[in-house]
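Chain lettering (A, B, C, D, E and F) follows the sequence in which the chains are written, and residue indices restart at 1 in each chain.
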Amino acid sequence: MLEIRDLSCLRGDRLLFADLDLSVLPGERVRLLGPNGVGKTTLLRCLCGLIDPEEGEIHWNGHSIRSEREDFHRQLLYIGHSTALNDLLTPLENLRFTCRAGTDQVEEQACVEALERIGLGAQIDLPCRALSQGQRRRVGLARLFLGGERRLWILDEPFNALDVAAVADLASSLDAHCAAGGIVVLTTHQDVSFSHPGRVVDLAGHAC
Amino acid sequence: MLGPFIAVLRRDLLLAWRGRADVLVTIGFFVVVACLFPFGVGAEPNQLREIAPGILWVDALLATLLSLHRLFAQDHADGSLEQLLLSPEPTVLWVSAKVLAYWLTTSLPLVIAAPGLGLLFDMEQGSLKVLCLSLLLGTPMLSLLGAVGAALTLGLRGGGMLLALLVLPLFVPVLIFGAGAVDAYLGGSGSDAHLLLLAGGSLAALVLAPWACAAALRIAAE
Amino acid sequence: MTRSRFNIFRFAVPQNFYPLAGKLAPIFAVTAAVLFLAGLWISFFIAPTDAQQGEVYRVIFIHVPAAWMSMFIYLVMAFWSAVGLVFNTRLSAMMAHALAPTGAMFCFVALWTGALWGRPTWGAYWVWDARLTSQLLLLFLYFGYIALINAIDDPRRADKAGAILALVGAINVPIIYFSVKWWNTLHQGASVSLTKAPSMATTMLMGMLVMAFAAWAYTIAVTLWRVRSLILERERNAEWVNEELDRLEAAA
Amino acid sequence: MNWGSAEAFWNMGGAATFVWGSYAVTLIVIVVELILLFQRRKNTVSRLLRLRRGRSARRQPANVSESP
Amino acid sequence: MLGPFIAVLRRDLLLAWRGRADVLVTIGFFVVVACLFPFGVGAEPNQLREIAPGILWVDALLATLLSLHRLFAQDHADGSLEQLLLSPEPTVLWVSAKVLAYWLTTSLPLVIAAPGLGLLFDMEQGSLKVLCLSLLLGTPMLSLLGAVGAALTLGLRGGGMLLALLVLPLFVPVLIFGAGAVDAYLGGSGSDAHLLLLAGGSLAALVLAPWACAAALRIAAE
Amino acid sequence: MLEIRDLSCLRGDRLLFADLDLSVLPGERVRLLGPNGVGKTTLLRCLCGLIDPEEGEIHWNGHSIRSEREDFHRQLLYIGHSTALNDLLTPLENLRFTCRAGTDQVEEQACVEALERIGLGAQIDLPCRALSQGQRRRVGLARLFLGGERRLWILDEPFNALDVAAVADLASSLDAHCAAGGIVVLTTHQDVSFSHPGRVVDLAGHAC
């Protein structure tokens, strides 16, 4: 369970939002809404512990994510704006590295299957530099199939640059994760059809 | 526990292997810069032989410097750094792996190339051996201190230069003891003290630098 | 998907050049081998011992041809690059590309043999003499060219970038050569200048020439073979390459 | 003939290291170049064959794969 | 016609102004590297005075080298280069503007800082003047040739080092005539010939290099 | 009028598409469609003259874009994946530079108005590094209001990262440009409602 208490975030000299309270139960999908620049990315990075909030606390299963960092990060899967791909490595090598660096024990075979499943079977040996925008995003998203026991997924505009088929596929993966008791927090400006509506948090309401 | 350490080490070595030309290019840079000095300073063999250890040490230092800012830059730009910071294991672990991979792929080749250059400057065997040993013991310290600098200047404008300015003063002691070792050997007082100091410095840096580096990286990712 | 591009020279078209290169290369290779053996025979069994230097001088039979070749090959590379950039013929850039490794090889051989020769004659493997230094810089130019080409993975981009670099380098080669010469005479140091044999015995000259011709034939053979691989890579979407691959697949 | 014996030949008047060092390294370098040359040819051909096989394999299912 | 030229020049100068610290950092690097040599080589005043012009020239060359790969890298990474290549005016135009801005913001400060360093090495006034003049006349050639190298290595792996390997051999004549000018002055034969040659080289580079650079950039953007 | 004849494009080892023919008349909007990695971006960059096609020709008003490069580029406005923003400069400075470098004569005031119109009034003095993803894209798009007399707009996924309001705004700008006789060639994976449907070219049909 993810709890946000009284959160406010500052960027430069601008207070983006203040007094944000939110608690997300297992199985819930939360979509952050708001116009460009309202602070969605900032909030997500706060939730991951990459940015220190100006005020307020974030708790995971009752513990502050600061004090229990390692436990929290063992449960967290974050996919941000940037794809975290090294241009010289192939999709397979990149995926394997991301998993291992996050201490997920994955087999080579599982990585290959994840990449094939996400439609990169033909590009498995190409350096990532050669991939198209959408293909790069797919490599990052392949991680979702391999982070099985991670409960909390935080996704920043995951549908960007994906084609229609991939969007539908990803949406159903998110649904499946929630159905299995996971939590998904995401932002997107696109209207995507999920199997059930999920919760929507409008950040514009908290903006300063 | 060692998962991220091994993963990062493997990947960085793989990257070096993928761009194996880079390693050769590092050596090429080392050689070319050394060859510049005779043009600037003049081709008198005795003078050249005398200043050779100093030149090679300064050269090694510059080669380190030029490649340092690549240490974290790529990972920072493409977002891998963020992902690594979200790894459950302590940051120092994989930071050490990165520095180790860096040393193996840029400093070690220099140590190996140094004897050849020594011949170009007509250095004699004994002092050449001392020089290589001093490089071998001193470069880890360069890499470790340099990594702290690289982490501190990550994502700032004027990165490469600022980095150079930050770490060069820190490198000066290494340079003094490194080039001093050869002088001491030639002066007959033996180079052991200098070499021991270099080794000690490298060990101390090995213990302390990764922590500083990890802290700096956390700040840079904010 | 055959290309119909107008060309004055029939063999400037990769498709026509490829089989021609395949036919010529073995001829030059055999020539090179024969000349090389003859040159070896002359250098060890016919050429007499040198009065001043003793036997060491026998290095000359590879040193000088290699030095000549290394300089000449760079000029040819620059020539092909210029042709490629001006007339936009793809084959020219490939020729330049194919020549570079051999040029670097000869350059290295000249340096290596010179260094080994220098030790007994001058007492040092290396002195900063003008001629030696410009040879070293030439080696760096070759390395730069090869490193650049290897760092680019799109072959067409690699050819074009290489051509630009080769040309810029070629404009600089004479400047480098003369500046280095001047530099060395300015600092009249303790360096020894190349001691030229007073009047080369005819057998010696002959040995050198035979070896030089061997190097020529070798260069041509190797370059033709290399350019065949390059042509296949660059033209892989052309129909004739497809047919050639059919043939190769059947042969294998 | 300059050499009285095979030994004298290999000794090269005391300059064996330098003369044979030169000739041997030259030979080695040439052999290495030739090996690399033919390896390159082999790699190129096998790569092109592999690519061609891949392409003709992909051509059939290409349009069915994942278009919306 | 001059629209893109002025726009690029203005922007690059504005960027340099925005990151004023960078300019200082370049000078800092220049100074620190020069100060390393006494540590490496030994502090004997006569020897230092003798090798000072050579060291300062090599130093200027290295400072140029370290900052060269930034010349187009940023524009390439953020896509500005693409936009510039789509400008209706000829590419050479704005390429020249970029090189000019680069020279003004990195080489000129070095020329200005050189006299101070010369004093550190105890050079006498006359030769110091010749040194500065040679730097002033020679650095444009460094910038122009370096720009070609930077354009050729744009976006390649091992960028900075590869660039160094490509351009350092080309820099040798500049170095020889630059450092030679001071020697010739001290030797009494006058430095005019050297300085003229440097000026001539810079002019020739000014005419030819932008074309090569423009061609290389077009290739790099593909 | 834009004419593509018999175009084929090669990337690395792969022939992306072959024998593509297309002609676009003034006032038309063409949307390229196709799954990720089919070659849309490559085609657009070819159309701009940034990539040399393997075969085929591209003509603008009857002239090859190679031989009449300068005229063609005077008519062209390309906005690609990357935003072409320098991180140290403010949106205003970036916008002014892009216009001037493209030889558009624009007033400072016009730039300010374009930025305000696109919703960046508050960020006009912030370095671009501080902007959010969507705000960065907006700076790039502000250029569209200033390239008045450029007939051909080539836009690569312009709706990426934009919020709902901005998407609608941009769509109406594109409509207006076509109504005034301009040409728009764009790719997008999002479904955006335009005032009239426009032409759709499915690149998947030409893929090799």
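Convention: a residue touches a chain if its C-beta (ideal position, glycine included) is under 8 Å from a C-beta of that chain, and two chains touch if they have at least 3 such contacts.
These numbers were taken from a predicted model, which means no experiment stands behind them.
**Student:** Give me the set of chains touching chain B intersected with the set touching chain F.
**Tutor:** A, C, E
**Student:** Same or different for chain B and chain E, where same means more than half of the interface numbers show up on both copies?
**Tutor:** same
**Student:** With centres defined as the mean C-alpha position, give me the chain B-chain C separation in Å.
**Tutor:** Centre-to-centre distance between chain B and chain C: 35 Å.
**Student:** Find the geometric centre of each of chain D and chain F from their Cα atoms only, then give the gap between the two centres in Å, rounded to an integer.
**Tutor:** Taking the mean C-alpha position of each chain, the two centres sit 48 Å apart.
**Student:** Counting in whole Å, what is the centre-to-centre distance of chain B and chain D, each centre being its mean C-alpha position?
**Tutor:** Here the centre of chain D sits 34 Å away from the centre of chain B.
**Student:** At which residue positions does chain A touch at least two other chains?
**Tutor:** Answer for chain A, listing residues that touch two or more other chains: 81, 88, 119, 163-166.
**Student:** Among the residues of chain D, which are close enough to touch at least two other chains?
**Tutor:** As it turns out, chain D has residues touching two or more other chains at 51, 65-68.
**Student:** Of all the residues in chain B, which ones touch at least 2 other chains?
**Tutor:** In chain B, residues 19, 21, 25, 28, 32, 39, 42, 77, 157 touch at least two other chains, as defined above.
**Student:** In the complex of these two chains, what residues of chain A are touching chain F?
**Tutor:** 11-12, 34-37, 39, 41, 81, 119, 123, 126, 130-135, 138, 157, 160-167, 189-190
**Student:** Quick check on the complex: what are the chain C residues that touch chain D?
**Tutor:** 44-45, 48-49, 54-56, 58-59, 62-63, 66, 101-102, 105, 108-109, 112-113, 116-117, 119-120, 218, 222, 225-226, 228-229, 232-233, 236, 241-242, 245, 248-249
**Student:** Could you pull out which chain F residues touch chain E in their complex?
**Tutor:** Checking each residue of chain F against chain E gives 48-52, 70-71, 73-74, 76, 78, 80-89, 93, 97-98, 100-103, 105.
**Student:** Enumerate the contact residues on chain B facing chain C in the complex.
**Tutor:** The touching residues are 19, 21, 24-25, 28, 32, 35, 38-39, 42-46, 48, 119-120, 122.
**Student:** Considering the complex alone, what residue numbers of chain C touch chain E?
**Tutor:** Residues 85, 137, 140-141, 143-144, 147-148, 151-152, 154, 157, 160-161, 164-165, 167-169, 171-172, 175-176, 179-180, 182-183, 186-187.
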